[in-house]
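Both complexes shown next keep chain A, but they swap its partner, so chain B is in the first and chain C is in the second.
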Partner chain A sequence: MTTTIEVPTATQVHRATQAGIAHKKKARASRALVLPALVFSVILTQVPFLVTIYFSLLNWNQLRPSEIKFAWFKNYAVVFTGPDFLPSLFATVVITGSSVILSLLLGLFFAVLLDRKFVGRGLARTLMITPFLVMPAAAALIWKWSLLDVNVGMVNWALHLVGLSAIAWNTDLPVVTIIMMLTWQYTPFMMLILLAGLQSQSREVLEAASVDGAGPWRTFQWMTLPHLRQYIEIATLLGSIMLLQAFDPIAIMTKGTGGTKTLSYLLYERAFIGLDVGQAAAFGVVTVAVTIGVATIALRTLFKVFINGGER
Partner chain B sequence: MVRTVISALVIVLWCIAPFYWMIVTAFRDVGFTYDTTPWPTHVTLANFETAFSTALGNHLGQAMLNSLFIGATVTVVALLFGISAAYALARLEFKGKGIISGAILAASMFPGVALITPLFQLFTNIGWMGTYQALIIPSISFALPLTVYTLTSFLREMPWDLEEAARIDGCTRVQAFRRVIMPLAAPAVFTTAILAFISSWNEYLISSQLSSDATQPVTVAIAGFAGSQPHVEPYTAIMAAGTIVTVPLVILVLIFQRRIVAGLTAGGVKG
Partner chain C sequence: MLVKKRLLILGAGLVVTTLALSGCAGAGAKSQSVTLTLATVNNPQMKDMEQLKGTFEKENPGIKVNFVQMEEGDLRAAVTADVASGAGQYDVVTVGAYEVPQWGAQGWLKDLTSTLKNDKSYDVGDILPPVRDALSVDGKQYAVPFYGESSILMYNKEMFANAGLTISDHPTWQEVAADAKILNTADHAGICLRGKPGWGDLFAPLTTVVQTFGGAWYDSKWKAQVNSPAFVEGVNFYVDLLKTAGEKDPVSNSFTECLNQLSAGKVAMWYDASVAASILEDPKTSKVAGKMGYVHAPVYKTKESGWLWSWNLAVPKTSKNADAAEKFVKWATSKDYQQLVGKTLGWTRVPPGARTSTYSIPEYKEAAKAFAPITLDVMNSVNPKQPGLKPQPWVGIQYVTIPEFQDVGNQVAQLVADAIAGRTTVKEALDKGQVIAQAAGDKQK
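Presenting the complex of A and B:
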């Protein structure tokens, strides 16, 4: 974590050059060993997408299997002019955007909480990350039944305690339900990245600030937040990419009703309920394009880190 | 002190309460489904029997074995290819390294939902629908980018001088890697294995379309759960099934927390 802000020293550069020369000698033998794995990785991760692009250019509905033919960009025309696309894009933006912002804020709150020393901090941190690692399908069920159900849900029980009537979250407020669930799930991820950022902050600088009379809030605002900037960026970008793909909670809790039909759920519906392979594939390509739009910015940041091994 | 109490309270409410409520419901008699007493009442194990009852159409036991089998295979294959690929990316110089790293990194951001159409067609054509390999191969392609980039960032920090030294002493590159680097890299490999396993264990989307009753993993099994009485929503049995699949994972996380945190931040912060 600390290496992220280091500049490569002269010795490191020298060593890298030396290593480069040494590599060339036995490079062929090692390539023969290692490249098949790389090729396999690339094929397995890239080919399905190429096939999707090909399918998106076909006129192919499974209800009419005899009419498969090449249709150029007809499916895209249907996607962009159809009545489903804009509402779905809107739903995607609302759900992804709110979940990212909320989980980032909560993540920051928990990261600050866990950055302090207290008894059982390790245990608390572990418990904090469980929502991110627990099976999303099971998490969706916990939320659907255990927390939000009208009759037996904990949230409605708590509402009842303070004298409010139960809310049928799942059917009355489906968008809120999905956002709550996704926020719960992704807060730990945001927290981990931000906590790494907090812990890489120099203690001396913070102490110096407090000696100079800066209060905790001013220190946080002027020292900690600027320091966290790059971590917040990375957390936001990775979080957006993962949340754009969120599918399990929507499939299990709302089935795309009430404004929760995001691009990924719409695509699923086209493929498996509409049985239109060509259109579904076109939606897939559009979804990927949206994700890539977000990811390009992420890639630019991450790429440097990935290639240079944490030195930039 | 006050700080400790407040922190503890917030964290308990945030992460423990949902699980606690699930466990309490899981042990409650089905006749008292609508009882919302916040502590265990009418304790029974019957819900767990319902959850495992094949007579009611719940294949939880089989599904857990399927998930274990799929997860183990995916982890082993992804690690075999992941270690070699990560070694190449962290240690060798070759043309197109940047493009390959980029392609693998991009694949980890790829929405899985875009793949189900071609996969469905492909597996129908070659008669693989509902087979284990139809679930394992896509899962590998999801686990592989994660494996490669987590391992690459770990391997980059290995003391490669030692490997050079071993080679000067007469080891081949493979020997040097196996005898010097592998033992040092073992914790990183183990961390990656846990993450790869969790990613496969949690996979729902692809499996929900490509599995059959016999091969369905536990994610699919609990999503389509049936209860002992046809007209009552099987809350208690669902919660029992939920308890069975989440509690082991929570324990796993507690045991390996340090490694998991290291792995998640290596993949996240360092890309």
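Presenting the complex of A and C:
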């Protein structure tokens, strides 16, 4: 682009249209190449969703197959007027929110520790990642039997050592139990993302800061944290998406009592214990709508961060 | 990368070949003889059956039996889908006592009444009458029990002697509660009771308690009775007993967890399935073997309060090999099968609680002398037609045979678990439960 304004000549216009045609051709070709993948993913993701919407309009209990009939929005009425949905939404927000925040804070702490050079760092890192690699169901069983068991669990044994009495975790503190276990499991995930962020930070900037007389805390607050912001945001988003689907610890430890009946557990209960396909589908559709709503807002802020990232 | 790709291709090729081969094998076998497909829960007794199927195949040349083992939930889904769609994949299925009457009434299971009656050597009258009642609808028997159980009170004789206590053969709940409070020490709990939310967990023993307190899930017109005074009194009693003398952290506990604590000598009493006795008496896994005593389920206003459960064999109506399937069902539940299990696998592994004659086999009586007499006695005295004080419109003790019950039972159990933890009162929990139960009751009218 030059600073003077030029009147385009006929040849230039011709060239431009030619370029336009070539561009269009190219675009068409790329679209054709993408099309099969697009069709495939539409069939794979959208058709089941449409079927789910159709199911959600049916009166269908698996053990009464002779009474399947069209019921319009009866199932949605149950979702919104019944006693299940709001407490479950609340439980989901509490459990997902607290676990994400706690695992993020712990993850940041461990990432900062692991960012330092020390003997055996590789081993320490591997050990720290382990909780994330254990299968969720197996991890929940380990927590139930080895850690939290009221008679032989290690946590209660440790409490006993410092003179405290044993805690009946699943009975008295179900929400705390689930949050504890999820935080334990997702801290390594947060730590990995934040560690990547820390290691991408330029050493020169940190050196310059220390030359200018900034202490470690001020360096962290004013240099490292702003640099980590993008990483924190992506970790929060991915963590929330994964934690929204948390199911195993609830099914194995608390069975949905005491405010641990999250949307994913409620959905399972409607479908496989209630055997009510219609109602489960309605709950599923509403859950998807809520999740899309939350994710859109979160994604939009996140993309804003990516676009304006350099400016901030 | 390349190696990985090659491996993948190799793997895919293998899968295809295996599929093709198994297809051929299936087709080949069918043209000469019958292959029965049996869908079953993966309980130890069923695994024994699979181990012994060779004897049946030898006695009946031309019939092969193929076992498909699944978890309980998967089995239910697979069988309902198969039967409802009429695919006829399975020839024999194992069905729990809760579902037999429902599936029978739906017309999903073959009526076995005449086949069983016409076979004199099978001796259908030998099957325990309460179990037969639980598996029949309007006089038609839809399944045969493979093994069955009731609930009993198990207690540690040593702990009772140390505390100077005795217990009668038919204790009342009040006596048990008083003993439990005395026996509850820092070292061991007074009693272990299930607190894990679930219709088959917490509500199996709790429903029997409610019934002996005079309560019931529904009256004879399907009106829910969940917040009626008797129901509330029963649940209050159970929750109070747990709080004052029960194990710690009850919401974590069901059959397996209580069994562990009992075997480790951490609890003095336990009210649960009679099958537990055979495990507690095994010195390899239990510290309390030989120290346990067994009495009838505690009562209050009724004479008996044990529950009734059985795993059964049934033939889906869609089976294409019904004759061979019936032959196998009869073989696996016959007197000869019990002899076969005893002689080849050991007498303690004979499936209990299905036939009266099991309890007169001398070797079995000797091997299971600690708990066999009481099991037979309890199983013969429970009444699945009317376990509580009032008549009920279904047959069954610790469950209601309507499709909605597992859902209702689960939700109310979650509410009661909140009451156990003290987050709500029993009355508040049951008021909410009443609404849930009534919605299901309305569908029965």
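As a working rule, the second predicted complex is superposed on the first by the 248 of 312 C-alpha atoms of A that agree within 3 Å, B and C clash if a C-alpha of one lies under 4 Å from a C-alpha of the other, contacts with A are read in each partner's own complex, and residues count from 1 in each chain.
The working rule: a residue touches a chain if its C-beta (ideal position, glycine included) is under 8 Å from a C-beta of that chain, and two chains touch if they have at least 3 such contacts.
All values reported here derive from a predicted model rather than from experimental measurement.
Enquirer: Taking the superposition on A as described, I'd like to know which of chain B and chain C A:S264 touches: first, second, both or neither.
Expert: Touch status of A:S264: first partner only.
Enquirer: If we overlay the two complexes on their shared chain A, which of chain B and chain C does A:A77 touch? Say first, second, both or neither.
Expert: neither
Enquirer: Per the contact definition in the header, classify A:G256: touching chain B only (first), chain C only (second), both, or neither.
Expert: second
Enquirer: On the A-aligned overlay, A:L105 touches which partner chain: chain B = first, chain C = second, or both, or neither?
Expert: Neither partner.
Enquirer: Look at A:Q46 in the shared chain and tell me whether it touches chain B only, chain C only, both, or neither; answer first, second, both or neither.
Expert: After superposition on chain A, A:Q46 lies in contact with chain B alone.
Enquirer: With both complexes superposed on chain A, which partner does A:L86 reach: first (chain B), second (chain C), both or neither?
Expert: A:L86 contacts neither chain B nor chain C.
Enquirer: When the two structures are overlaid on chain A, which partner does A:R116 contact: first (chain B), second (chain C), both, or neither?
Expert: The first partner, chain B, only.
Enquirer: Looking at A:T291 after the superposition, I want to know if it touches chain B, chain C, both of them or none. Which is it: first, second, both, neither?
Expert: It touches chain B, and chain C stays clear.
Enquirer: Is A:V205 contacted by the first partner chain B, the second partner chain C, both or neither?
Expert: Once the two structures are laid over each other on A, A:V205 reaches no partner at all.
Enquirer: On chain A, which partner's contacts cover more residues, chain B's or chain C's?
Expert: B
Enquirer: Once the two structures are fitted together, what part of chain A is touched by chain B and by chain C alike?
Expert: 149, 151, 272.
Enquirer: Note which residues of chain B are touching chain A in the complex, please.
Expert: 3-4, 7-8, 10-11, 14-19, 21-22, 25, 33-34, 36, 38, 80-85, 87-90, 92-94, 98, 100-107, 109-122, 137-138, 140-141, 144-145, 148-149, 152-153, 156-157, 160, 164, 173-174, 198, 201-202, 204-205, 208-209, 218-220, 222-223, 233, 235, 238-239, 242, 245-246, 249-250, 253-254, 257, 260-261, 264-265, 268-271
Enquirer: Taking the touch rule as given, give the residues of chain A at its contact with chain B in the complex, in rising order.
Expert: Contact set of chain A toward chain B: 1, 3-4, 19-20, 22-24, 26-27, 29-31, 33-38, 40-42, 44-46, 48-49, 51-52, 55, 110, 113-114, 116, 118-120, 122-138, 140-143, 145-147, 149, 151-152, 154, 157, 184, 187, 189, 192-193, 196-197, 231, 234-235, 238, 241, 244-245, 247-248, 251-252, 264-265, 267-268, 271-272, 277, 280-281, 284-285, 287-288, 291-292, 295, 298-299, 301-303, 305-307, 309-310.
Enquirer: Per the contact definition, I'd like the list of chain C residues that touch chain A in the complex.
Expert: It comes out as residues 73, 77, 80, 84, 102, 106, 195-198, 247-252, 261, 264, 266, 403-404, 406-407, 410, 414, 417-418, 420-423, 432, 435.
Enquirer: Which of the residues in chain A end up touching chain C in this complex?
Expert: 61-66, 83, 144, 148-151, 166, 168-172, 174, 253-258, 261, 269, 272-276
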